[in-house]
Amino acid sequence: MTLLEAKDLKAYYITKSYGIERTVHAVDDISLDVNTDEILGIAGESGCGKSTLLRVMFGIIRPPLQLIHGTVAYRSGDRSLDLLSLTDDEYRQIRWKELSYIPQGSMSVLNPLRRVRKTFWDFIDTHRPNTTRREFEDLVTGHLSDLGLPAEVLDAFPHQLSGGMRQRVTIALATILKPRLIFADEPTTALDVIVQSGVIDLLRRIQAEARNSLVIVTHDMGIHANLADRIAIMYAGQIIEEAPAKQIFGNPQHPYTKYLIHSLPRIGDKSHRISSPGRPPSLMVPPKGCRFRDRCEQKRRICREERPLLVSIGENHKVACFLAVKEGAHAS
Amino acid sequence: MPHNHQPILQTRNLSKVFITGMGFAKSRLVAVNRAAFQMGAQGTEIFTIAGESGSGKSTLAKMILGLLEPTEGSITFRGRNVTSIKGRKDRLWFMKEVQPVFQNPFETFSPLNRVDDYFLETAVSFRLIKRRQEAPEYLEKFLELVGLSLHHIQGRYPHELSGGELQRLSIARALMTRPTLLVADEPVSMIDASLRMSVVNLFRELKDKANVNVLYITHDLATAYYISDRIAIMLRGTIVELGPVEKVLDHPLHPYTKILKNSVPEPDPLNRLQPVRLSGIESKEFARAGCKFAGRCPSAMAICETQEPEAVIEDEREVKCHLYSESQGKTTA
Amino acid sequence: MKAKSAFLQIVFLVAIMTFMALPALAQLPPEIPREDTLIVDQIFRYSTPDNYNIWTTAGTEATRHAFGWDTLWYIDQQTGEWINAVAAERPIYNEDFTEMTVKMRDGLYWSDGVELTSEDLVTTINILKANPGMRWSSELALYVEDVTAVDDYTVKFTLTRPNPRFHYYFTVRWNGVYVMPAHIWKDVENPLEYTFNPPVSLGAYVLRETDPAGYWEIWELREDWERTTTGVIAGKPGPKYILTIFHGPNEKKVMAMSNHELDILMDLDYEAFQALINRNRRARSWYKDFPWAWTDEADTRVFAINQEKFPLNLKDVRWALALALDIVEIQTEYVGGVTRVTPIPQPASVFHMEHYHKQYVPWLKELKLDLGSGEFFVPFDETIPFKIADWAREQGYDIPEDEEAIINMFGVGWWKHAPDVATKLLEINGFTRDSSGNWLLPDGTPWKISIIAAPDEADAYRLAMGAMDQWEDFGIAVEIETLERNPFYTREHMGDYDISSTWGMAGGGNANFVRDKWPFMHNFHTQFYAPIGQASLQNHMRIRSEKLDEIIDKLSNLPPEHPDVPALEEEFFKHWVENMFGIHTVSFKKFITFDETYWTNFPASENPHAQPNYWFMGGKFMYPYLEKSGR
Amino acid sequence: MSLFKRYILPRIIQWIVVIFVGTTVVFLVPRLSPMDPVQTTLSSMSSLGMANPEAIRQMEEVLMDLYGLRGTLLQQYLRFWSYLLKGDLGPSLVMFPAPVISVIGTAMPWTIGLMLVSTILAWLLGIALGTLTGYFADKTWAKILDAVIMCIYPIPNYIMALMLLFLFAYTFPLFPFSGAAGIGIKPGFNRVFIGSVLKHGFLPALSMILITTGWRFISQRALVTNVIGSDHVQYAELAALPRRKIMLNYVFRDTLLPQTTDLALSLGSIFGGALITEFVFSYPGLGQILYTAILQGDFNVIVGVSIFSIVGIATAALLIDLLYPLLDPRVRYH
Amino acid sequence: MVIIRDLFLFDMRFRIGFIILICLFLLVGLSFCSPYEQTARRVVPRNRTPSSKHWLGTNSLGQDIFWQLTFAVRNSLLIGLISTAVSRIIAVMNGMVSGYLGGPVDRVLSTITDSFVVIPRLPLLILVSFVFRGGLNIITTALLLGFLDWAWPSKRYRAQILSLREREFTNTAVYCGMNTLKVIGKQHFPFLISYLLADLISGFLWALGMEITLSVLGLSNLTTPTIGTMIYWANYYQAMLLGTWWWLAPPVIASILAILSFYLLSVSISQFLDPRTRIQHLSIGG
């Protein structure tokens, strides 16, 4: 069942500095659904717009980011809300309780001068204003122990916690009100492998227990492989392939996806691997046609002139590439 | 196969101690604990030092580069003690032989300077060219080596280039002095996966084609396995396992190495990670008297709490673990 | 949260209201009614307000001693009148001036009820003599062989050497040997460090309170005021309380008096005074109208010329400088036309005008300068006061037509503005002018003069600017070195200057100066000469003149009242003027200002019952004349 | 090596060295200048009528002894330290023999009171306004406030004081012209005295507050702008925490630390007095004492006041260095 | 030039600051066309109110206030600029060397700096100018002020260099074989520029304020017109009490405008040059 439906999203960074206007087409015509009880992974290299997409889907659009077009419909109970046209107050009603966010670079998102307990109190007090101290303590300690975190972290300052611990505390902070939909932006970046595997485990457990939905953005295909049910691959502001994880890894269709998967080294395998050549186009002046064509070894004429649309090529498998479309699927 | 050369780089008993602490609860932090290894004795090689953050691998790299002074021990480069090189001439000699590649390509070059400046400076300072006019030609050679061209970088600022390009530039610049050793500290951790292999492959090529030794410092076991010949696993300042990369990673001996290996997420949805047990407050491990890993080791014994294991040779590698030390054998017997 | 901010708001409002409810002008404490209080400009801030040992530098403060302490004699600064204070009569010297006997008044009491006797005076002398570093100690040690109390009211001094002017140490202008209460001081172990707190006073007032910060002091009239010299001599002082207060710079004093928070102030600059009388119709100075200021203080303004510096050592050059000045412009444009000019090194006060200036006019008119080749020039210009009067009329002031009145207003005359003559004087000494008219020294180098001046003496500084402007017009390169008092004095004493725009060169420190010119003259004895670089406090102009020495030596042995004295004085001044040692310009003037809102009958030109300068000792006799205005 | 030896001790040694060097400078500079307190005293004495050259010479000798100006500069210097280490700043030269410490003592409470209050108020005000305008930078009132403060901030201290005096003591006589407390009001902890002190201190304090607030305002606004961009504030906004809460608990709290250390330094420097303000309002502070001492060549008072100032600043800096790690949970001794 | 044009067109603060600055420089330029010499007195009738002949009236010294103002602005700006230049050159050099070299050099320099920090500046300034007042001219005053104002900024520069030294590109530069001077100059200095600009303003503000303070106390060379001495003379002749606002107001307004203009310009330019914005801006050009 669809929980959130993003439609025809266009969101650009528009900055005006000393008379020169600059537009970065960070999210350029994207539609994406999030279903109930699933982990959706969004993959792509840095600068492809995946974090921006996440923010737009979360409904946070702050200058210089501007929404050009599109809606994000969120199903709350039996209502459907367009997150992008809610007033601040309306939106405040559902934020954190129903939708929450685990930020990128979560190493520094905890207030360095506030003990963790106070930060928790700030967040809970905002969204459940009539919580008593007792209820608060019960809620927080219960949640932390569910996540396997020691209760002492509440009395610590953020800097006293290790990076992994801080990340887990941030996840706890984002999930404390049992939201139905969690957006996670690079939640494991800059973590050590052992801790990273712990965090992956943590996220898996949270989702499994609450049967809620998780949208996770990361460039690390290893994480996606271990976490996501469904994966959307982004390239230069657009989604170029979308499929269940097993499909993506087992049967990638887009040449870019293929590069991504096949360039990954593995322990126990020393065979030669290559990266995709070149680099992504500038999002300030995105090229007409297929945005990957300059790096693509199988590019054709049409790639230059026409933009390949994201079309279904099988059950739950969508691709935006003329090579794949040829096989006779229809546009989604 | 390999002949025994004189090692290019050798460290003996190398330690670095930081004093940290607040108020009166200060503490000693042994960032690197009696590290001993050598490179290049079996010919040109890529040697990896792998470990998590806080394992002391970056401190070790900084000491080798002369950016930090060791608290104890010595570093010998081509038979010459370089622990505390003084004098500009000797420094230049050392820098000509040993060049660094840093972790963050966006930080390697000042964001306010043009990148080609660094190339020119290197060429001039090491007297690699006689006249400034020769510079373009000279530079082009090295840029070609990393798959770039002068045209591509001339007059550009770092932010105008991608991480992968910058890191390749960083390597190209390091190569200009035709060094014997590259010290690469986490050279790909900040680069997108799709570009990562272009850098990693470069190291392989350099070793094969230009006889450049690489000291590769990383937390990424997958790339380490991919390019290196030998690997040392560091834990809280101590090298716990050192040997050929296939041996160490395919069949790890030390319990830590095992856990580390098992934590690497495989890019395969069919083969997902098993849950691991995480430590509590990790920084306390530094203060442990015995084996630093005893706190989370699945096979910890009484002796691990009190006594630091010594290195033993086991299956073509050095291991520091009581499971393999002879004394352990005696005590359990 | 809401409750919290509301609470804060209330606290804030209450605080503001309490604050505003305080009386804005809480000048005086309620037990001291304003109408009983005279508020006096304290001139300085007392740096060590709790130290009343006025016999050391720490305790000496400007206005305080006039209320609290007393000494043997005074000279009225206005009239030159001799006043017996603690002493009952004038000093009695023996024939060779080696003994001085003092008869003291009886019936004078200290504020603690102890009677003043000869014992007090003897103890004072002995304590001062025995403690180097106290005021007057070195001089008393030098002159006093022995001091004894002949009886309760008679003291006999035996001197180490003849001195017909020994009593000057006890004749006070603003500091002299004050009498100490022996019953308090005799047991003091270290008089130098004793703070004499609380003070016991001999004056008509007793200290009531002092600002620990030194900005004000309240004195209260003694119950037994008739047992003090003020009471005996002048009667009951009007104000029950005197508040002395220091407001800071002139503009603050003007503001205070405009708001009637100050009854007397010592001095203002011209502009501040104008601003004040514009604002406060009841404020006035010595004259009700132009020229307002009190001009009878015994001191002059002078361009002191360093006699050691070439070419200023040449008499002709000094005269040329004097003749290059246009005194009318200086006296009007630079100091507002409100003081008298003086051609001799004496102030043109009322007293001096009578006894000196007017007496000297005949020889001033005859004075001739030799311009060489048989040419002579008469420099004195009697028309100066009338020229100033013309200027004043132009400004719209009401000036009498009577010649005598004009002379009394602006002085007897000064030197002509005669640049042509000055040119001649320079040329006969080998000076030349360059193409642009600037003077060159005989050796052909440009002539440069530097004037040192301290800007806090407003008139001295403005006169220096006037001289600079006029001498530059005449073709001399002049610069003013602006100095604070301390380096200014030091530069003077060391002789490190060309010309100093200065004052005090009339011997003014000593009260007796009004009647006796010896305190001024003896400063210029060769014995005080010191070469440049060594300190000479008195003769910093470094005059060496046998003629002057001769006159001074003669005078030293004559008592001031001796009939030969006036002739010797005249001779001295004549010699001075002929040589133009220093260019004396105008008399001291002070905008001593009174606000007649609360008190009236202040001494003024039409009612000169006492000297108005309250900060000098004789000023204490002013208070009995003051009357409540009833306003 | 203990922390004490590694960090605290060197820092204390540095503190001593800095005070030593500073004191030496203020000892030497006046003595190397052409000022001569003996000549000053003598000329004041001679202007009172002292005349005899022998007496003057004698007095000169006596004064040299009393003022401690005998001997070479080095001897004077050593003597100075031997007294200073006993806590003796010597006597004032111009107000001999009043001890310097008592001269300073009369002014110290006023200076400390005035400076303490105005420094702290300016600090609070500057931070409050800076936080508000920094956080609500795009609001119209913030822009107006910003412009107003920008225009007040560069007004020369002296002019500011004079304008306030002219307006609120003269034209509209709401406040007294001069002094620090009402005449004849006994110092004590009562409504009248405190009210009077507040009334007298109001304009001087206001003039200082107006000037220093501007500076504080600018620095605070810059800090706030920086903090707003930091991750944890962005995150709090993302989580829809109320703006007031973010401003106070996040933005304001973060800027407090640098501002506190800055306040400590400002407080350390209050012993120098506020010369110009004291001058205009005739406020009995240390600045005036020092100024007069300079004008009169009173070496001992110059050195005395300066030492307080030097020790004040040096100690504030020392305390900041030693305590900062305790205040800021993030920082550790290096 | 392009930068100035862009800033002028698109930054309000720059525009205001720039226009004020132009006006000030116009005054400075006019001073060279003054019909009177700067120290000349008695050249016009005294105490006249503003009129078409004397735009700002005349003062009690017989000077035309408008022309005096042009000299005052010129001289005060000169003092401020020289003093700031001197102090910041010392500060930057000292801070860079101290911060980069570290070790004993740093300890010695830091101790000297710290000692200078604690020495009360105003009294020292008063003392020195009090003693040498006769000999102080614009240049020596500026040098004196400059010499007293380097210690604080120097500490800040040192701190910045310390943090820059930790950044990786410093090591890159070292391994490029650059010597210390080059590393500091080429690698670190560009990062200091935006702070330097802001700091220059505080230096300028201080110098101007001190010049006024000294003048108001009568401790500067009072014959040279500066903003401070103009205030001094206006005050000396009781302009405030007598209500001759046209004498007192111009120097006060000039000082406020001067500082305001420099402040606005520096904020605007330093934002422009701030590494963060600069990167953004560079990429537009690139």
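Which chain is which? They are A, B, C, D and E, in the order written, and residues in each are numbered from 1.
Throughout what follows, a contact is a pair of C-beta atoms (placed from the backbone, for glycine too) under 8 Å apart; a residue touches a chain by one contact, two chains touch by 3 or more.
Remember, it's a predicted structure, so these values are computed and weren't measured experimentally.
Enquirer: Going by the touch criterion stated earlier, list every chain that contacts subunit C and also contacts subunit D.
Expert: Touches both subunit C and subunit D: E.
Enquirer: Between what two chains do the most C-beta pairs come into contact?
Expert: Greatest number of C-beta pairs in contact occurs for C-D.
Enquirer: Counting only Cα atoms for the centres, state how far subunit B is from subunit C in Å.
Expert: Taking the mean C-alpha position of each chain, the two centres sit 88 Å apart.
Enquirer: Please compute the C-alpha centroid of subunit B, do the same for subunit E, then give the distance between them in whole Å.
Expert: 50
Enquirer: Between subunit D and subunit E, what is the gap in Å from one C-alpha centre to the other?
Expert: That pair's centroid distance is 23 Å.
Enquirer: Can you list the residues of subunit E that touch 2 or more other chains?
Expert: Counting only residues that touch two or more other chains, subunit E contributes 130-131, 235, 240.
Enquirer: Residues of subunit C that contact two or more other chains, please.
Expert: Only 255, 484, 487 qualify.
Enquirer: Using the touch rule from the top of the page, what residues of subunit D touch 2 or more other chains?
Expert: In subunit D, the residues touching two or more other chains are 34-35, 166, 279, 295.
Enquirer: Using the touch definition up top, name the residues of subunit E that touch subunit B in the complex.
Expert: Within the complex, subunit E contacts subunit B at residues 167-169, 171-179, 182, 186-187, 190-191, 275, 278-279, 282-283, 286.
Enquirer: Could you list, by residue number, the parts of subunit E that touch subunit D in their complex?
Expert: Its residues touching subunit D are 110-112, 114-115, 117-120, 122-124, 126-128, 130-131, 205, 208-209, 212-213, 216-217, 231, 235, 240, 252, 255-256, 258-260, 263-264.
Enquirer: What residues of subunit E sit close enough to touch subunit A in their complex?
Expert: 6-7, 9-11, 272, 277, 280-281, 284
Enquirer: Once bound in the complex, which stretches of subunit D touch subunit E?
Expert: Those residues of subunit D that touch subunit E are 14, 17-19, 21-22, 25-26, 29-30, 33-35, 150-151, 153-159, 162, 166, 269, 272, 275-276, 279, 290-291, 294-295, 302, 305-306, 309-310, 313-314, 317.
Enquirer: Spell out the part of subunit B that touches subunit E in their complex, as residue ranges.
Expert: Spelled out, the residues of subunit B in touch with subunit E are 65, 67, 88, 92, 95, 99-100, 102-104, 107-113, 117-118, 121-122, 124-126, 156-157, 159-160, 170, 173-174.
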